[in-house]
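Both of the next two complexes hold chain A, though its partner changes from chain B to chain C.
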Partner chain A sequence: MSEAVLIIGGGPAGLAAAASLADLGVEAVLVEKEPELGGTPKKYAYSKLVPDLRPAQETLAPLVQRVQGREGLRVLTDARPTAVSGKAGDFKVRLAGPAGEEELSAGAIIVATGFEHFDARRDTKYGYGIYPDVVDIRDMERMLSEPQLKRPSDGQVPQRVGFILCVGSRDRMVGNTYCSRVCCSVCCVQAIEVKEKNPSAEVYIFYMDIRTYGLLENLYWEAQEEHGVLFVKGRVGEILPRDGQLMVKGEDTLLRGPFEVPFDLMVLASGMEPGEGTVQVAELLNLAREPNGFLAPRDSHTAPLEAAVEGVFLAGADLAPKFSDDAVAEGAGAAVRAAAFLRSRAGR
Partner chain B sequence: MAVKGEGIVERSLVEDDHILEQEKLIIEGVDVSGRWNTFLAPRVQEDYTPSLEAEVRALGVGENIRRCWQCGMCTASCTANSVYPDFNPRHFIYLVKLGDVQRLAKLADVVWRCVGCYKCSQRCPREVNPAEVMEAIGVIVHRRWGERVAREEQVGTGAYKKQIYGTGRLNLATLMAADLRGLGRQRELLSAEQMRIGMKMFRDSRLFHTLRLGRAPGWSRLRRVLEEHRRSREEVHP
Partner chain C sequence: MPDDKDREKHEIFEELRADPRYHDFVRGCLNCGVCTGWCPSHRFFDYAPRIVIQNCLAGEDRVYGMMGEYIWACAQCFSCAMVCPFNNNPGGVVAILREIAVRRGMMSAKRVLKPYSRVLLKVMTFGNQVSPDMIQPDFFPDWGPKIPWAQEDLELKRQAIPVPTLRTVESAWKVAESTMNELYTINKEAGIFDLVEVNDPGLAEVIEDDVQDKVAAYLAEEAKKE
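Now for the complex of A and B:
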């Protein structure tokens, strides 16, 4: 019988879970496979976050700070679980880390293994990985973190920037039929950032539907009304290089006709997929996955943060595409569910 | 008489058959001949045929039309669209789903101009298979408004049927010759270009094989299948 909670994943959800357990006085171990805490937003140097355009590093820092030097909380980076045995209340977990292998006991496990960006090379019509000025939103976050936005091919400031929504999402041809939920809002923010850095840039967003759901609708309005970002309803069929620019072919469905226009930089809104870590941990713990590969909760209405495997709790983008603020809320929620679970067993 | 609707400022936005104009018109003793009596018929759509989508789906190759969400990937990828701007697969699918027979009838001679490159079907995010859906829409259009389809398109079907039902296969050389004869362009068969190709095919013996193509293998069995098919078609489209 162990009183400790193992948290797998040191992104926004895992950090929030670890800090919440420390606040509750529950012993915990946080394991992160990368050398640094902060998850995907840290790894890819995200620029500004939805919904309030705050710099990602500014919001990550307090999350990381809250897990450092806490009593009863161990933080291991560069480490990952390699084997799990036992059951709820007494899991035996083998960890591989920089100091070699170790085994520890945990009463409960919180899985917060996050997501990976869709690899846009799989959607060959856009030439990602072939034409340097075709980038995805992950590359764009890093590029926007720099003081000036420069296009990769020649370091020039791009004057005409286009975004293509739903790349790797809502597309049977690439195998992902779900909506990645964040990309519409993220592209609105990135378009605003492009205009902030270079007000003379022309920015277009090619869309099928705009899903800036709920309060995020503000971003859609702001991009149009305050920054003059143009929205074109239609899909882009292909991108080809021509005279140092990118020739973008598509249909403007509202005008009912094809267009062929040059751009300096094209950004593909590559969606979210279950990360490699999510797949591995699902196998280790024998967790159920829904048809798209994300982790499936035991009951999405009454137990949205619990796995069907007793003693295993879930939080963050390993459950479904979501923003980091939602992941933080789920991390705290999973921590409470895990603490309550351990307490109920101790009282038995 | 002057050019129809020439007094209309944004003439390109108004379709011909919506312009009501008479050369001589006197209303209550006032002569309103010429452009004074230009009227526009209302554009409000009132007549829809919702069963049109079911007709397309019943053709098998059109069965995925329901999946379409009008993103425009097909038209964005279309080869024929740059030659025929009215050939817009997305728009045709929309017209069929709405059952807008009036607009579809006007485009009857454009529907069949797909070149079969299949780029749309390769890229369609919902696997509608627009290339084959367009084929199904073409069949529906031929059934309803065959007379509106250009003569070039109508010409080939006789020779095509004759070859399929008569030999079980297509001989492209004789098919082309039949087409050109049907169009009154048989002289082109003797053009310098044709002669050059003919000589080349004669030398490498393809000409001989092509002209003696004959019946398809297993003809006795194949003929029964084709006859059955012809009978079933005649039951559907007498």
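Now for the complex of A and C:
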């Protein structure tokens, strides 16, 4: 029997779960494979976060702070689980870390292994990985974290910037048919940031439809009304290099018909896929995955944060594409479910 | 007359939808336009693969509207099918509609096929598309100023080519009579002759006469051997 909870993944969801368990006085071990806590937003140096455009550093720092120096909470970075045996109440987990291998016991496990960005090289239409000025939203976050936005090829400030939505999402040809949910909003935010850094830039967003869902609709309005970002309905067909610029071909399906216009920088809204860690942990713990490869909850209505495997709880973007604020909420929720599970067993 | 047109319109739409390929080719469409963005024909003609799919979803009037020049503007490169996020195949729909137009001997099919009658004649009588004697300045102006030279002493030049089967000018290579007999049988049995008959009766007659002569000669030759 073990009273401890193992949390796999130190991104927003895992951090929130760890902090919540510490608040509840439940012993926990947080394991992160990267050298630093903060998950994908930290790894790729995200610039500003949805919904309120606050710098990612500013929102991640308190999450990280809340897990440091807490009683009963161990935090291991550069570490990952390599084998799991036993069952709910008494999992035996082998960890590989910088100090070598170790084995620990856990009564419950929270899986918060997150996502990875779609590799835009898999969509060959746009020449990502071939033309340096075709970047994806992950690269763009890092570029926008710098004081000035410069295009990769020659360090010039781009005057014409285009965003292509739904790259690697909603597309049978690349094998991902789901909507990645965040990219429309993220691109609106990035477009606003481009205009803030260089108000004379012309910024276009090419869309199939805009899914700044729920309360995020204001991002789409703000981008147009306050920053003059232009929206064109049409998925770009092809990008080709021409005279030091990018020639972008497509069809404006609402108004102007075919276009072939030059851009200085093109940004691909590469979607979200289950991360490498998610795939590995799913195999280790024998977790069910839904058809798109994300982890499947036991029951999405009544047990949305629980795996079908008893004693395993789920949180964050390993369940489905989502924003970091939702991941934080789920991390806290999974912590409560795990703590309640351990208490019910102890009372038995 | 309006009744005939309505009937034709309806029948074409039903034929299209009854084609076993149709439901693989037309799935759904969000009007994203990525197909048109790629389409090489779209750069030169009033043709857009997105419109092809939208017309299929809109019904028989719109589909009928494509049966004129529209379906013949597609280059059949299938770039559209390669990029469509829904996995639609607009070029495939065009192929089905062209087959319907040819089967029904529609005006647009006749008009498009007319300039190919020489090629069709060659294909159906020899199994080659283009023969050396067809390469003349009038028909191949884009081949440049050397064409008249190529036509001088054509037979002599052809004999200079070391491959024996190429010593012919009325076909690209010498086609054996047995091959022509097989070709004739395939064209007949597969209904190709019927299609030519519907779209160009004059041409069909010329082909039929030519092939009949050749086949008769071939059969006589075979009989003699036995």
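The rule we apply is simple: the second predicted complex is superposed on the first by the 347 of 348 C-alpha atoms of A that agree within 3 Å, B and C clash if a C-alpha of one lies under 4 Å from a C-alpha of the other, contacts with A are read in each partner's own complex, and residues count from 1 in each chain.
Please note the rule applied: contacts are C-beta pairs under 8 Å (C-beta built on N, C-alpha and C of every residue); 3 or more make two chains touch, one makes a residue touch a chain.
Treat the numbers as computed from the prediction; the structure is a model and nothing was measured.
Engineer: In the superposed model on chain A, is it clash or fit for chain B and chain C?
Structural biologist: Taken together on chain A, chain C would clash with chain B, as the superposition shows.
Engineer: Contacts for A:D325 in the overlay, against chain B (first) and chain C (second): which applies, first, second, both or neither?
Structural biologist: neither
Engineer: Could you look at A:R170 and tell me whether it touches chain B, chain C, both or neither (first, second, both, neither)?
Structural biologist: both
Engineer: Check the residue A:E238 against both partner chains and state whether it touches chain B (first), chain C (second), both, or neither.
Structural biologist: Touch partners of A:E238: chain B and chain C.
Engineer: Mind working out whether A:D90 is in touch with chain B, chain C, both or neither, as first, second, both or neither?
Structural biologist: After superposition on chain A, A:D90 lies in contact with neither partner.
Engineer: Could you tell me if A:D119 is touching chain B, chain C, both of them or neither one (first, second, both, neither)?
Structural biologist: neither
Engineer: Examine A:E290 and indicate which partner it touches, taking first as chain B and second as chain C; both and neither are also allowed.
Structural biologist: Once the two structures are laid over each other on A, A:E290 reaches no partner at all.
Engineer: Which of the two partners, first being chain B and second being chain C, lies in contact with A:R256: first, second, both, or neither?
Structural biologist: The answer is first: A:R256 touches chain B but not chain C.
Engineer: Under the contact definition given at the top, report the residues of chain A touching chain B in one complex and chain C in the other.
Structural biologist: In the superposed arrangement, which is not itself an observed complex, chain A uses residues 125, 166, 170-173, 208, 233-238, 249-253, 258 for both chain B and chain C.
Engineer: Considering the complex alone, what residue numbers of chain A touch chain C?
Structural biologist: Residue positions touching the partner: 125, 166, 170-173, 208-209, 233-238, 249-253, 258.
Engineer: How about chain B: which of its residues touch chain A in the complex?
Structural biologist: Touch residues, chain B against chain A: 69-73, 75-78, 81-82, 85, 88, 90-91, 119, 122-127.
Engineer: Touching residues of chain A toward chain B in the complex: what are they?
Structural biologist: Residue positions touching the partner: 125, 166, 170-173, 208, 233-238, 249-253, 256-258.
Engineer: Hey, which residues of chain C end up touching chain A in the complex?
Structural biologist: Against chain A, the touching part of chain C is residues 30-39, 42-43, 48, 50, 82-87.
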